[in-house]
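Listed below are the structures to be examined.
The two complexes that follow have subunit A in common; it is paired with subunit B in the first and with subunit C in the second.
Presenting the complex of A and B:
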């Protein structure tokens, strides 16, 4: 017989009885932790997460479930609040990104939760924890785009394409005949320039932005 | 001038007595304990929801209005043991330490109030077995600076301040098992208030509330619920507490997080049972002595719930406050004033 670790002995009397030995309890998790809630709350847009009272107005009116099965903002919020980190990562890490920011949930929330921003903050929280592994093309592009905006204050098409291909390890693809001829056409028709212009005094703004995003 | 007998010196009885005296009637207030204020005084209620104002701020003026009024004769430590006659002339036998006496009254107001539900019946919660499982009334006493712990929330077992506290809602309410299928009407707000008080006093502590529904229907209650979530980070879990056991010498509760369909086991330092309201002993006794109708749960039944809410099944006997069913202090005071008007009207005829 397995050792019973849950024996409840009071004044020398075992009260729980033997039934616990052959009736395993259906405990799916133990304890609640607010560790993750505290983290999400501090992220930009995440502060209103504490207001949620789980009514389901957000998920009920959400645009996405028709297209993305199981997309459920209420659930994301609850998982974070109650510290179900494993479920959040295993079942929802690819879902939280699908929000299209239509803002229906935000406008309808009876508790004034900025749901879209909170979902975004949860995505950011997961990103910070590096749960996504290899970057997808979208994410890589997002990242380069933001880097470039912060660095130069504008987008240089040639540079962004080059960085994108190198980041996703596909520089060879960029040098294919197709891509090169397309690039040449765009260059001659004036769609892109080899050297993008500079924004005056952007360095200071860039510095400030970086500080803010730290 | 006829005298009115008010049975019960809680907020309702006090308010009814002072209102009637203000209208010029002589009032005889009979209280079985040796203090006025009923359950509020007995359990040293500290702060009142939703404004978190001191209970004394409300109770003291009501008591003072009674004690300072020469038209009111307060008889503490007294009980009504028999009543004969009918409207408009009742003969009541009053028993106290000195003996028995008989007095004549024109009308009787029953304001005998409620009793706190005794959670020992709910064996699975371990009240009485585990020292650190306490009731909300006991917490009220602890939080009061004049209480047994001088305002500190301490674990009864070792006197330490608990870090993780769970509150179980609906203990002895909405529960056919114990014969109380009704809602206690105040448990939700009292628990929320206590959670806020605990978080205010001990910001490091964690407070978890296990509820079925948060029924915040009173003035400012829903806002208080929001405040508890937003400003004090009280964790509300939808799911009724199922059982309490000991695990590694620590209290361990089991419940289901119904929103997520997940059973949960949670180790805490202290569990507060939000015990509901049941008909008080005084109410049951009064119903017996006066022969007035009770409902299925022992509370007093009005003649007509809508049209004559303060009249009992017998003419000349009036009922008010928490002896009619669970009620908060705010409404008890309203009831006290309402019954006074009704009594005055009936005595005029």
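Presenting the complex of A and C:
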């Protein structure tokens, strides 16, 4: 990115300053490396990354920039395509995983990129390379969720919250006065049931799903 | 038309108010819902991000069961998350022969049918708007919700992304940028629907546990936007938004103050109330955010 202070005039219009950041042209065919791109493509939801033509519609409508400074899906994709691994890790690793999956990007993408799933795949790419130095909250929650769905076929909200807090070492937060009184209220009103419904014949399905993961 | 009812995990858990009020309203307006009793979890975001094949197999089992065991023509779900997962599995099966093959061999291995990705999947809000609609609601109203100001909130996956929901491409789908089906139904109950900018914004619920502080900030933005617009309560068609905006509300208020304090109810609860159903059977005392207080103060409950 050029410095904002450089003087620039185009067609007699003074463009010095922040406006110029819109100007660097999109990189479509040059400077694309396949090393990381191929890896992201193979992760769940990553395949449509190749369709991106860097228009920025995703970032324009994104929910997060209002709340998370520098969150920019277009840039995450660009960095992967150009193989700028260091920038992705150093400047973006704490951003990518924050996506809340609102689907505005995927919805509006004119090229059919499944942007939300691509952004998740990029986060997973970083998780797989252990750049976070610990199990992330997303990894912890996804692992528990997968285990419980495969084992029981359904999700029990209380169990999954308890197991998530336990896996991330925060079980005592669940025992705070506020949480306990909330739990008590839900239990006595009947919103929490201690014995969830069981699915007939699930064992066989569960076994088959486990084979899929091997 | 025979309709299979897929409630999903949340409606059998903390969102039972949505489950029960949906069934009451459906029955009252003559929609015959046949519950797919042996349903499994749709897989949600977590399976989708972990394993693609499983993210198609789980919803396919639900739809195969609906078709083969319950012989229905359509599956309806009141949950935005389940709606997304089912439609997503169908679109993968229709566009990707390998995905379809995986699903078919999975179903065969576990002794199920031959589901091919052709189930008509509907959201209960969309189905109710199209098959019943505001006019019939209006004529069924016994207790108009006069004087009640509501913010009509939709969440994300009900209208987005168009590649899955087909909003703008398929008839009977809501408007994806300016959804209005719920607004029109609520107006028919006699309630006043306020304008607010966050009606199709994200509550952050998908990260309610993994990234609590950001999720609370997003939820607070939705709640305070509705409150500033003068709403007495927020009305929604999604149990996941319900969990984020209602169950988490005490924590949200702690972090963001009273501007985020607002009762949250499901649209089926208010429709039920307007046609004279009892607040108790509609489980209007379930929400942590206490809608009963304002309903009582306005003489509506």
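Convention: the second predicted complex is superposed on the first by the 114 of 214 C-alpha atoms of A that agree within 3 Å, B and C clash if a C-alpha of one lies under 4 Å from a C-alpha of the other, contacts with A are read in each partner's own complex, and residues count from 1 in each chain.
Keep this in mind: a contact is a pair of C-beta atoms (placed from the backbone, for glycine too) under 8 Å apart; a residue touches a chain by one contact, two chains touch by 3 or more.
Here the structure is a predicted model, which means the values were calculated and not measured.
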Checklist entry - Which of the two partners, first being subunit B and second being subunit C, lies in contact with A:35: first, second, both, or neither? => result neither
Checklist entry - Between subunit B (first) and subunit C (second), which, if any, makes contact with A:204: first, second, both or neither? => result second
Checklist entry - Where does A:81 make contact in the superposed view: on subunit B (first), on subunit C (second), on both, or on neither? => result first
Next on the checklist: If we overlay the two complexes on their shared chain A, which of subunit B and subunit C does A:54 touch? Say first, second, both or neither.
Outcome noted: first
Checklist outcome for this item: The chain contacting more residues of subunit A, comparing subunit B with subunit C, is C
Next on the checklist: Applying the document's definition of touch, where does A:111 land relative to subunit B and subunit C: first, second, both, or neither?
Outcome noted: first
Next on the checklist: Quick check on the superposed pair: does A:185 touch subunit B, subunit C, both, or neither? Answer first, second, both or neither.
Outcome noted: second
Checklist outcome for this item: Where subunit B and subunit C land on the same part of subunit A: residues none
Next on the checklist: Considering only the defined contacts, which subunit A positions touch subunit B in the complex?
Outcome noted: 5-6, 8, 10, 15-16, 25-32, 34, 50-54, 75, 78-79, 81-82, 84, 111
Checklist entry - Quick one: in the complex, what on subunit B touches subunit A? => result 129, 206, 208, 214, 225-226, 229-230, 233, 235-238, 245-247, 254, 257, 259-260, 262-267
Checklist entry - Can you list the subunit A residues touching subunit C in their complex? => result 44-45, 63, 67-68, 97-98, 100-104, 106-107, 112, 114, 116-117, 120, 124, 136-138, 140-143, 145-146, 149-150, 153-158, 161, 164, 178, 182, 185-186, 189-193, 196-197, 199-202, 204-205, 208-209, 212-213
Next on the checklist: So in the complex, the part of subunit C that touches subunit A is made up of which residues?
Outcome noted: 9-10, 12-14, 16, 38-41, 43-55, 57-58, 61, 106, 109-111, 156-157, 159-163, 176, 201-202, 204-207, 209-211, 214-215, 217-218, 221, 243, 247, 250-251, 285-286, 288
